[in-house]
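By written order: A, B, C and D. Residues from 1 in each chain.
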């Protein structure tokens, strides 16, 4: 970079697929990277998926080698459980204040044997598994999570309530558990920043017509992903709450699209993927997909759609969709293409909610001093030309933090940011 | 040379020690030939453990090292570093995974102990046959060849060129800018397209580190990442050819439109006032949207998805540019009626729907339709279609604009052949990995951007160009040498008989045929060490370093005992 | 049989998927029979059928080749070649009237710790039922 | 695909003479510069492939010798392995030799650029040792048997050969189904058609009687083949039988050396890969209680089946070469049918069909996964 005082280090916020890609590439160019991640693990949402469209590839196999590489990369300083609080300065010379929350487990001492979980007396819903299984107060989100080091959930750990329980500490043979760990305030100096904080799913509870949270066996797409995951709560068995396999499933697209005012671009494809998930586990299952406009852009996606159609999925272009309980079944009421009212009875409903900005996007935008767009995603400088440049020089955006997109486009954006950063001196 | 194999067993706290009787393991290993020391240690991956190992390697004067501990994905690298620090070649080391794949999965301690003994014995058997391997370093050329002078190629060139990196931009046409030069505005900002492209062309023309070859085609590109030899031909000059070397190649050869001639039902080429989207863009750019008779149209139909069925994919951008056309028309011709005939509206991403919502209404109508056909009736263009209830309907319009599918540029196959990369069945260049390596190809050092990789809009094309720049800038640093994979395949010159089986199965084009010697030769810079060629070779001429037959044989021997 | 039969199973596991899946079985503390000795290869396509034949003729009671699911190969297409080679080998063994059931090809991904355990358990049970490989004690082989 | 076309030509002087005349004419017109063809050697009791440059030598040629000393594909490979020469050469061979040549061409061991492959309807060949027991008498026996389509005295694999007529190549000389004193000249490729054209032979479609006869023989042999393989499997299948069948093996590896599709410089199973430290052998012996030396007979045979059964043309050369009378060709043909059948592959059928191990389909062989029950 130009000038003498230009710092070449980079801060990457978010260790999802985009953040990982950028960090590894920057490291390859011998840049020092501070990779800040809010959760205790890397891989973001991508590692929640068993398979990814359209080649139905195993997601873990795709991402885990990169996560592993990340952990072993000496140029990358991975800071988990960390939040960015404030930045000062300008491109080439940013000062960043971050808070690294205590994990209460020493990353260097812990060898990942998981012996500390079992004795923990607390049992809670596991958020990573969308609440479909339980975890302890000391836990890793799922088997195979990286780094494979647990954290203590201080909101629920007895130790942090009555200070008496030391069950996990006693179980640990490596003196890895340290109740006295403190949150750390850290100041970093970097020359450039990448925001790759990912997305949330629209809360389906906000819409009454789908009865999400009211009727059993109405799932969100993320819940369904975990239900199919071989390392998930059911070891990949797709089952209803009663333990039986569903005989008929409705997949409802565009949940929350009207409310958000945009098409989330990935839902049609992953809904079609669900069709594959279901058929591979329950060959005789009947599937109906309720959609408005099929959005399957790009060279390989329609082929996938056509392949899915061979499974005899019932594609229904519908409006005014309502999910109601009818006797033992769930009924999906809708208006068909011709405007006629119609109804389907199913055992299971999967909702494909809109992709929306991360809940803390506005807080982070404020800390960074960059703009959000009207939807709450990080705003690119010029929509028509480059989608990775934020409103502030030296700060870049990639992945779903900038807007709903698939893995390919997220990775492309992350690589593009690296291109931008490495060519800043050009 | 005398072998001195040191074996160290990690207790991993209680993880291994409690599940496996380590002392029994030690007793079983001590009598083995060449094994000079067997010790256990509390935690070998700890700082203390690493120091202990380093001391042991020196003190015991070890020639080979076996560690029985956790999975190689966890700590193989750690222990290889230990070897390096103690001047033991890191490939003279083998890690036996007695934690994940023994202690943690075996209930019975006795069984686990027996299995652990077999695992470590297999490692000892194997390590005996290990050879030292050295990292190689290869000089590389940081310069880049960019093929295609459209917006993607221009962007890539601008990102890449610097005082220590030359870019050669080759364009087959006489001028730069590509398709974008035909557009008046870009969606969605509806900003001037010429502003965007001219600024970039200006930047590129004044950049002394970019050498531009217009009216030129690449004739030859031979070599590999860091070292490609390129030959280009000037099409405007019979004898004009230029040769230079580069380290990487960016393919930005762009796209062309599906020819609606192929689907006669649209009447294209036969009926007046039926235009393709590109013809319409050009007409609009010329300043006047008129019919053949010179008058302005009062009604225009835009037909989406022309050729979609034939091509088998959605071209991604047609819905959006059709909306842009509606804007052109409404802005320029008062009271004009615009009707969009579409099948599925594809407007992904955060800002597109708003553009659609703002365009729709007033005089812009959208009809979901099937089996669209255009005929001449009463001296007017008549669009016949089926609506969403499969009811036959029709509509008159003065002008019809077709939105044909995006196809790879005509010369894509030629470029693919010259550069040795593959194309998907649709003809677009094939990426190394659809999800996580969309810019790379299976040939390292060759990248694909813009519509050459698949239909996409300007913004995504530019992002891909920047991404390719990122890939190149991070891996091809001026002055830095390339470190290729160490554990590559090799083919014995004396055993190879030249059947080329290995060449057929290699996914990376890492094996070439030496026509003079009639044998296959591995390019170790390209080889990624999967070993596919080794299993394919009937002569046993191919072997994979660090995964040799006799190394694996030793493991088998132990496994079956 | 006086002595309890403990099968000897050779497991060729590809580094990126199946070995990782086996590791995950470990991290998840699943129960996997001790009969299988894993041999790590970078890709299942490295597993030369002659290696499998060798293991078979050395008296392995079972040989498992495990790789990434079709389409998931770290090296793009290696496992497709593996599958063809395995099919040919299986035909050869079967054609000679030998016990081709002692050879098994399974796809195990990095997230399929449970599947890895299931595959090995199933295979181990199968081999136990079949009994020791007659090849092992045959002095002429 | 080129359409198969043919013509009936008179053969009053006998088939041998007709073929030689045809070749002479072709050489005269410069269609071929040389011919690879079997010849009787001066000793009188043996035959060899000769690269004939002087067309007057052709008169000594025996296009269909009673026995197969060297598999013809090996001869073509010797001539063209290092690339095509300037000469246009025709090779006259039995169908299984032509097929092996096609396989070798796929494997880069033969260059067909300037080569024309001419096959002849084959009645089979005598086992070499049988022939040598009384060459003169057996020559006559062979000729009679050939005339009468009697295969009882031929090699065992010839007796079950269902591809004894045209499979591939450029030109075929058909004797089956021909009326007295005629033969068929059939073109099977563009190259073959062009040559016929140059020789002024006008090809028509009147080859029905040949096609019918070929078909009926092939069908009959196919049945015989299936049965023979079934019987063989009972005889040699299973560990004990197999060990028994190969118990006489002296590890000479002659079967490999004469095999037309074994093309390696050094056989995998002769290489250091399969040679181990004495301690390793001791360890093996320990497991088994004892082990046979020389070792690896079974690995050699099974390994070779893995390496070349997909290209095996069931010519029988290996069995002929086995000094211990092991029915190795029969066993290989049994296995080859199985492995080739997996991919609907027929060795030597077409140059355009890749050998199955260098190709794949994304969706195939699903039954292989987890298949052990």
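Methods note: a residue touches a chain if its C-beta (ideal position, glycine included) is under 8 Å from a C-beta of that chain, and two chains touch if they have at least 3 such contacts.
Quantities reported herein were computed from a predicted structural model and do not represent experimental measurements.
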Core chain by centroid distance, with centroids computed from Cα atoms only: B
Of A-C and B-C, whichever chain pair has more C-beta contact pairs: B-C
Cα-centroid distance, chain A relative to chain C, in whole angstrom: 35
Distance between the centres, which are taken as Cα means, of chain D and chain A, whole angstrom: 61
CA centroid of chain B to CA centroid of chain C, Å: 32
Intercentroid distance (Cα basis), chain B paired with chain A, Å: 23
Overlap residues in chain B, where contacts from two or more other chains coincide: 73, 433, 505, 536, 549, 553, 557, 560-561
Residues within chain C bordering two or more other chains: 20, 27, 29, 49, 54, 58-59, 71, 74, 77, 81, 85, 136
Sites on chain A at which at least two other chains make contact: 55, 57, 62, 112
Pairwise touch network: line, ring, star, complete, or other: other
Listing of all chain pairs that touch each other, if any do: A-B, A-C, B-C, B-D, C-D
Residues of chain B that touch chain C when the two form their complex: 71-73, 97, 99-102, 104-108, 111-112, 114-115, 118-119, 122, 432-433, 442, 487, 505, 507, 528-532, 534-536, 544, 547, 549, 552-553, 555-561
Chain B contact footprint on chain C (complex, rising order): 8-11, 19-20, 22-23, 25-27, 29-32, 34, 37-43, 45-49, 51, 54-55, 58-61, 74-78, 81-82, 85, 117, 136
In the complex with chain D, residue positions of chain B that touch it: 33, 494-501, 504-505, 518, 536, 538-541, 549-550, 553-554, 557, 560-561
Chain D contact footprint on chain C (complex, rising order): 49-50, 53-54, 57-59, 70-71, 77, 80-81, 83-98, 101-107, 119, 122-123, 126, 134-141
Complex contact set, residues of chain B against chain A: 12-15, 43, 45-46, 70, 73-74, 77, 158-162, 186-189, 191, 196, 308, 312-316, 344-354, 357, 388-389, 424, 426, 428, 433-439, 454-456, 458-460, 462-471, 473-475, 477
